[in-house]
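What follows is a pair of complexes built around subunit A, which joins subunit B in one and subunit C in the other.
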Partner chain A sequence: MKRKGLRFYLRIYRKILAQDLKSKMSYRADFIISTVGMIFTNIAGFISFWILFRNFPSINGWNYYEILFLYGFSLISLTPVQCLFDNNWSLRMYVYSGDFIKYCFRPINLFFYFQSEVFDVKGLGQLAFGIGTLVFAWCKLGLGFSVLMLLKVIIFLITASLVMIALQNAAAASCFWIQNSFYILDFVTKFKDYARYPITIFSPVFRFIFTFLMPIAFIAYYPSLVILRPDAVPVLTWLSPLLGCGFFWLSYKLWMFGALKYSGTGS
Partner chain B sequence: MAPIIQIQNVTKEFKVLNRREGLKGSLKDLFSRDYKIVRAVDHVSMSIEQGEIVGYLGPNGAGKSTTIKMMTGVLEPSSGEILVNGNVPYKNRAKNAQEIGVVFGQRTQLWWALPLVESLKLLKDIYQISDKDYDEMLSLYRSLVDIEELLHKPVRQMSLGQRTLSDILAAFLHNPKIVFLDEPTIGLDVSMKAKIRTLIHALNQKKKTTVILTTHDMGDVDALCQRIVIIDKGKMLYDNDIEHLKRFFGSYRTLKLRLSGSRDELVEQIQKEIPECSVSSDEEWISVLVDEEKAKVMDVLSRLQQHHKIRDMKLEEISTEDVIKKIYEEGTA
Partner chain C sequence: MNLKKYTTLTRAGIMESLQFRLSSLVIVVGNLLYLIVVYFLWKAIYASAGTEVVNGMTFYDTLIYLVLATALFGFMEMYVVWDIGRSIQSGKIVLDLLKPMEYRKYMFWSYSGSFVTQFFFTFLPTFLVVAAVTKGTISFGFNLLFFVLAVAMAVSINYSIDFIVATICLYTESIWGINIMKQVIVLLLSGATIPLAFFPEPLHTIVSYLPFQSIYHTPLMLLLDGNPQPKDVVTALCTQLFWVIVMTVISKLFWKVSLRQITVNGG
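Presenting the complex of A and B:
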């Protein structure tokens, strides 16, 4: 047996993705409706945002375009979890019905095999919308442009994505222990909406929670500081890429631990 | 040559919470540490040679699936040793998976939305099958079943029979040393069952694949298995070939008669006349179970003819199903 490295997995993923897209396109109505739905969800989110800011020109020292920047940033960083890890939402059903066992018989990584099965195209609309919003806010803020800045944005976007993926993995993995894990997953997903606000607007208790317990502040706030408040970047921000990887690794371990423990019961 | 599967004294225990009744009981359960140990598999040993087809039988909940899960590396045995193809399955799940194929009757492992051929191509990449081996396997499949109509059909549009057939093809694709088939013919019609049995038999012959088959359908057993292993309540009851099984339980034959007269009286009367056989009756027939070691069917018949007018008769061999039913009953007694 040949060693299965990153290249092997990328190749497999590419092939599964191509097949998946092909079969999705064959349900044309479904494809169009879900894309349109995604666009409307984003527009609605944007409008409520806009109405809020017509009444308050700034929140706690953060102006409209800065908040918009955070919003765009969070939309982009939520794309990977939406596109690549959407099967986490079905995990509960597979575990409940016992169908999860079918993932255990392939000579490849269990986590990879499970997640590779679904690619959610809708996330791409969100990505486009997020990039548009970020670029718009960036121009309006007159932030200027350098390769270094772009590099920073990219690194911190990856960090933010990892944090969100980690949160969702951990929440989804709870179904290996708890029957009604839907609420946990739903809870975590709802919380991510707070990620688009600067955490300084919350009370110290919530600031602590969002930083250390439910680290959603890493999804947009801490990373954005690098661009928006380059003079006042806390140490935590510079640590966040490491923390992101750490969170992801922990959530992966938790997921795998649960999966191996689970297959131990029932038939 | 060493056996392909070696199981030695394997036991698997599960910890199950003792549930109490009622709402109050449920509340207590929240804090309870009152577990009981359930032994799903109890000191089972067997060894299976390359190329065998073994029927693994037992009533529901006997521990069949648990044993298979241990052999496939999904479960770790509580005690005892399992070697599959020289590997400890639980420790090398991925490595073990490369050499085995698994089919679970009603749960397809194929990609739901994809046509079969695309699933097979993905499996080709996942198992790293060479182009040559892949083409060879596909032409072997073509010679055995009519796969052309299946290849381009999405799995979700297939009938249960077609899906099972596809799953079996997928399981054999990487030419594994062992294939585990868990109730492959469950819920299928007669012609599909026959098709699937022929396919499994042919693949076993051509590729020398070891097949472990669990089923409740004695047709599968009679058509495919030379050897059967019976398990109940986690304990092994029987491990030998089928012929031996029939001999082991005596050479029973059932003589079925239609006589003139009242049935109930006749049953009593006949029982007295031939005490070495057991007599029973149903709507149509009076059945006389004859143990050929004790009495010859012909003798019994001629003795009966002296006293009764026989209107109709037939002779039935004892089926594998009857024998196994007997083992289950005796095993649980």
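Presenting the complex of A and C:
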């Protein structure tokens, strides 16, 4: 079979996306309430930092605006997984009911087709909130601005997104082997909330765990160092784009391995 | 008294939740990791503060407060909103409404089984671990009795709030958005994310007039107070009782009025 090019996939994605948005728009109230709910969550995170720093001047040498920078950074890097890979949440239902088989019969990449089916619009609210927080913290910290810095931020945001996507893919793929995999997905998702803190607060053992076993430190901490602590950037930060791609590739392979092993429910 | 019909539902709930042993394991591991993150985070925060006591709370007080708040959350969170919302969407609710038991009671007693299992699998281990880690900060006296009483009332208030939110789903047909809003509001304003003692002034007063603080703040403060003053205890418990009655009445009335609204699509 001839391999299909990127342009082909982009065209298909646009078409599927349009259908999905149309069906979402027919439940307008749900859409609005969900977006408001998303913004609520972000504001609550913001308020808890505010309350915290009213009582304490800094955490481990990180001040209020630096922590806000990490928070904004993590919100932006979580947007792709929220918007583009939200169908992972339904995977276990499809597998369980047998409907997953319909994805196996299309002449395009299985993973691509499955993920393209849902675009979660409410993630865009989070993106806007994250950019606002990041810009606010950036200005307050007086970091200055250059094209190179912007370029670095963008590259490292993509890296961070890849790590989170990889974590979610792997967690979702567990449903090919385990019945009630909701808890695993929920567990991984909760983890992203811990990504907002500088990893230096942990003891060496947990620093290792959060760097290599559950790589949440790559979601905000390591990438942010490039901007926040430009004189003391560890090697891991520079390696993170590679690691991000690696994690993503591994999770994709795991997901596909599970999917190809899938034999349907017989119905 | 016809208690048997209730205890039967409890027993069924216990058996149902014991079905998924792996998921309980994941939940326990997740709680443990959360415990570790909270421990290191607040240790760093207190280390940066330079003083032992902040707003009348020591590091150990804060640790116990936050960890047990999470344990209580796991214990009280019943996914009522999701279940009722789903059965409204699927039409299954019609069958439940026909049962010879008030719907509000039926749902509560169906969940009571998971209270029992959650208590033994999540709450008790967490409680013991945290009591051991904080080396005797929790005193074992009358405060335990008050704590149990307060938790029982907190469960009732929390259930009423959930039930009200689930009733709102009858109108909106949106579950995710409504539920996330409720969760964010309850967790923040009840002190489960940051102890209420840290809230700055205008916010602190506002929160003390709302029902949410009775869910997490009151039981935890009663537990932490090793030397309880009768006046404080009575005030705290009476405030809770007040909210139990108010929220129960509101949730019952709201459900009664809304039931006329119900539209079930097929089923």
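Note that the second predicted complex is superposed on the first by the 260 of 267 C-alpha atoms of A that agree within 3 Å, B and C clash if a C-alpha of one lies under 4 Å from a C-alpha of the other, contacts with A are read in each partner's own complex, and residues count from 1 in each chain.
Heads up, the rule we're going with is that a residue touches a chain if its C-beta (ideal position, glycine included) is under 8 Å from a C-beta of that chain, and two chains touch if they have at least 3 such contacts.
All values derive from a computational prediction rather than experimental measurement.
K.L.:
Just subunit B (first), just subunit C (second), both, or neither: which does A:Arg11 touch?
P.N.:
first
K.L.:
Which partner, subunit B or subunit C, touches the larger number of subunit A residues?
P.N.:
Partner touching more subunit A residues in the overlay: C.
K.L.:
After the superposition on A, what does A:Ile184 contact: first (subunit B), second (subunit C), both or neither?
P.N.:
In the superposition, A:Ile184 touches subunit C alone.
K.L.:
A:Ile51 in the overlay: touching subunit B, subunit C, both, or neither? Say first, second, both or neither.
P.N.:
second
K.L.:
On the A-aligned overlay, A:Phe202 touches which partner chain: subunit B = first, subunit C = second, or both, or neither?
P.N.:
In the superposition, A:Phe202 touches subunit C alone.
K.L.:
Could you look at A:Asn60 and tell me whether it touches subunit B, subunit C, both or neither (first, second, both, neither)?
P.N.:
After superposing on A, A:Asn60 lies in contact with subunit C but is clear of subunit B.
K.L.:
By the touch definition at the top of the document, which applies to A:Arg106: first (subunit B), second (subunit C), both, or neither?
P.N.:
first
K.L.:
So, A:Arg28: does it touch subunit B (first), subunit C (second), both, or neither?
P.N.:
neither
K.L.:
Applying the document's contact rule, which stretches of subunit A touch subunit C when the two form their complex?
P.N.:
Answer in residue numbers: 27, 29-30, 32-38, 40-41, 44, 47-48, 51-52, 54-61, 178-180, 182-184, 186-187, 190-191, 194, 197, 201-203, 206.
K.L.:
Give every residue of subunit B touching subunit A within the complex, in rising order.
P.N.:
On the subunit B side, the touching residues are 14, 65-66, 69, 72-76, 93-95, 97-98, 100, 102, 104, 107-109, 111, 113-114, 118, 121-122, 125-128, 154.
K.L.:
Any idea which subunit C residues touch subunit A in the complex?
P.N.:
Within the complex, subunit C touches subunit A at residues 20, 22-23, 26-27, 29-30, 33-34, 36-37, 40-41, 43-45, 47-49, 54-55, 172-174, 176-181, 184-185, 187-188, 193-194, 198-200, 203.
K.L.:
Considering the complex alone, what residue numbers of subunit A touch subunit B?
P.N.:
Residue list for subunit A touching subunit B: 1-2, 11-12, 15-16, 19-20, 23-24, 98-99, 101-102, 104-109, 117, 263-265, 267.
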